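Some structures to go through are shown next.
The two complexes that follow have subunit A in common; it is paired with subunit B in the first and with subunit C in the second.
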Partner chain A sequence: MNGLIQTLSDILNNYGLRQEFAIRACFYSLAVLACIFGLGVVTLRNIFHCAISLAMTLFCIAGIYLFLNAEFLAAVQVLIYVGAIVTLFLFAIMLTAKIGDRSIRQTNKQVLASLAVSAAILSLFVSIIIGSPWKKAAADDTLRLGIGELGKALMSVYALPFEAISLILLAALVGAIVIGKAGK
Partner chain B sequence: MIIPVLTLIIMLIVGAVVLGFIAVSAMFLIWWERKVSAHIQTRYGPMRVGWHGALQSVADVIKLLLKENITPSGVDRLSWWLAPFFAVVPVVMVFVCIPFGNIFGIELIARDLNIGILYIMALTSICVLGIFMAGWGSNNKYSLLGGMRSAAQIVSYEIPLVLAMVTAVMFAGSLSMQKIVEAQKGLWFVFQPNMAIAFAIFIIAGTAEVNRTPFDIPEAESELVAGFHTEYSGMKFAMFFLGEYTNMFVISALAATLFLGGWSGPFLPPVIWFLIKTYGLVTFMMWIRWTLPRVRVDQLMGFAWKVLTPVSFANLIVAGWILMK
Partner chain C sequence: MMIPQSHFLILGAVLFALGLYGALTRRTAIGILMSIELVLNAANINLITFNRFLGSPDGLGQIFALFVIAIAAASAVVGLVLVIAVYRNMKTIFTDKINLMKW
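So, the complex of A and B:
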């Protein structure tokens, strides 16, 4: 009986899931899902489904951020991109599209030109990724950036870009109101 | 590094306990709402199943489980099937960092994330996707109108809601839920004049966020049948119901944590304090629902943008000034 309990506790404490394996599995499945949903955005024929697919892609990317120790970025990604931008897309689609509507074609005559442009951008990214000297990330949490440091950086070193972005957003807001008023 | 089987089993048990709590809490809240509304209208409410109808919700759940799951022929299948999950899953995920206090020295919080409150904001902001999918996917005028109204309302009221949360975060100096509770050990935030305003804004915006009267225009039954879930039946309808009542619990739990000191309190164990505060706030929201009439759409949006948002911004600035002083 004692032997049985001993074996059982041995199994419970010493066997299990390898953490690295679990992290890798989650990371790669998220990456693959992000690609699949990303393809869905540009190939699905129902515009509402495209928007849902976009939301799922952004979710998967937020998940990848989580595995890269960037929790703040992940939360902000979901809050802004899924919670605000995709919501806005869906709102616009609901105002204009109905289920009975003819499904849209995602391709037109410019497919070859756009393919060339995309290939050019892809090769640019790939060359940058290959060319940059990647530092081997430390295994512990030394890379984890606290929210406090991030806030301080935004308010001191990066104050100018921060203010510039808020100015652009304000301009967009005022512009939207002016365009909206013009119709009346 | 290896995650032992024991840890995995504990993780599963914690998950099951949280899910069980959510289901029981939602069933209790549905029964409680019926009782509260009945007593406000000098009725008895459910009386037959169990003591004062306490088992009525169990009977209702069994009924909903056994009901036929009807899919109307004109629906958009993908959105139709996904919508109930989008209505429930984010709300369940919020429970990861709700601090229930501690019992026998064990902290009752699944994971005290250092971005706690931001995580909750992010998840509550995606509940609206489920409402969109249900509203558009049902291929029904009433559902579509309900979905549109709901989206406009939730997006508008999210701004004052988040600004009120930010005021509490500024006073606590941390995003972690446990640290916010600990910051209120001496004095609950709600007793400071500045935070009292934030608390009022939070409760108003929170009521709007969970689509309850006086802000229930997305499912105004006299205008829109049942709003975005008109076409749903059986278990899918029950999922929306579960999501709605759990959302109410979450908003009250957040209000209790951010402004009423969370699980801290004298004499009674922390868990009891947390539950008293949370269910007290839920009861308050029910009281409002059965007392006030529904507002009009334009009044609702005007109130959010012309009153609530400027007031919460001004409040935030004053809070910053107090902290900098």
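So, the complex of A and C:
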């Protein structure tokens, strides 16, 4: 009997370890995929492929949000970014013809300088992040924000920025229609 | 939580650097707008990461990430409409060809 319990707990322990490994593997593969597709967004020649790559990057970032207990944000990311913004980009690409040609240069003459600036800023950020003493796993899963809490906070404490954002969206809507209206 | 905070932040930094590189090197206005979306997403990752690890009780980070998404949508709409208006008038969206206001 003792031996059975021992093996059972061994299996459970193994399973726990494997689960942890699976979670880690999921996170790191999502992160690497996001970086690879992000690289595609900024380097691919065909702008249509860039937009598809952007959609994949945003999907991967939505997956990353799940690891941060932000399920609502992940859903919003998929709905608004992948569903609306990338579609908008695709429409804009199709409305402006002939920019996806392979013969046309897609980058300007500042490639080396921009690469140097970006690499310098990235190395600065990474060195600061690695050098900082972050708290080891502060708030555990006790602090899990549901959609209800989020909505209550949005309607009570953060009502003012919420109203401001709705005003901005309305202004963007009207402005887009006015600018995009064809004719004189 | 088995994944340390710094790894999320490094992912945000990498995405920010990629977006910065794209915004600096792209010739088409649409490409620049896409790169800016990458930068905004990097900011969102940082906001949600700090919300998760520093433990804001009413979800300040998540709510402002929502606001960032809304502003990104608004900026994408206005930017793309501007791109289409410029294309209608000048038949190009290459930013180095659009020099009407340069002397």
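Everything that follows uses one rule, which is that the second predicted complex is superposed on the first by the 124 of 184 C-alpha atoms of A that agree within 3 Å, B and C clash if a C-alpha of one lies under 4 Å from a C-alpha of the other, contacts with A are read in each partner's own complex, and residues count from 1 in each chain.
Note that in this section contacts are C-beta pairs under 8 Å (C-beta built on N, C-alpha and C of every residue); 3 or more make two chains touch, one makes a residue touch a chain.
Just so it is clear, the model here is predicted, and its values are computed rather than measured.
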Partner chain(s) touched by A:72 [first = subunit B, second = subunit C, both, neither]: both
First, second, both or neither for A:50, with subunit B first and subunit C second: second
Partner chain in contact with A:83 - subunit B first, subunit C second, else both or neither: first
First, second, both or neither for A:182, with subunit B first and subunit C second: second
Partner chain in contact with A:126 - subunit B first, subunit C second, else both or neither: second
Which superposed partner A:41 touches (first subunit B, second subunit C, both, neither): second
Broader residue contact with subunit A after superposition on the shared chain, subunit B or subunit C: C
First, second, both or neither for A:22, with subunit B first and subunit C second: first
Shared contact residues on subunit A - subunit B and subunit C: 20, 72, 76, 84, 91, 93, 95, 99
In the complex, subunit A residues that touch subunit B: 11-20, 22, 46, 48-49, 52, 55, 71-72, 75-76, 78-79, 82-84, 86-87, 90-91, 93-95, 99-100, 146-147
Complex contact set, residues of subunit C against subunit A: 1-11, 13-22, 24-28, 30-31, 33-35, 37-38, 41, 44-45, 48-49, 51-55, 57-60, 62-67, 69-78, 80-85, 87-88, 93-96
Residues on subunit A engaged by subunit C in the complex (per definition of touch): 20, 23-24, 27, 31, 34-35, 38-39, 41-43, 47, 50-51, 54, 57-58, 61, 64-65, 67-70, 72-73, 76-77, 80-81, 84-85, 88-89, 91-93, 95-96, 99, 105-108, 110-111, 113-115, 117-119, 121-122, 125-126, 129-130, 132, 134-141, 143, 145, 149-150, 153-154, 157-158, 161, 165, 168-169, 171-173, 175-176, 179-180, 182
Residues on subunit B engaged by subunit A in the complex (per definition of touch): 1-9, 74-76, 78-79, 82, 113-115, 118-119, 121-123, 125-126, 128-129, 132-133, 135-137, 139, 144, 147-148, 151-152, 155, 158, 175
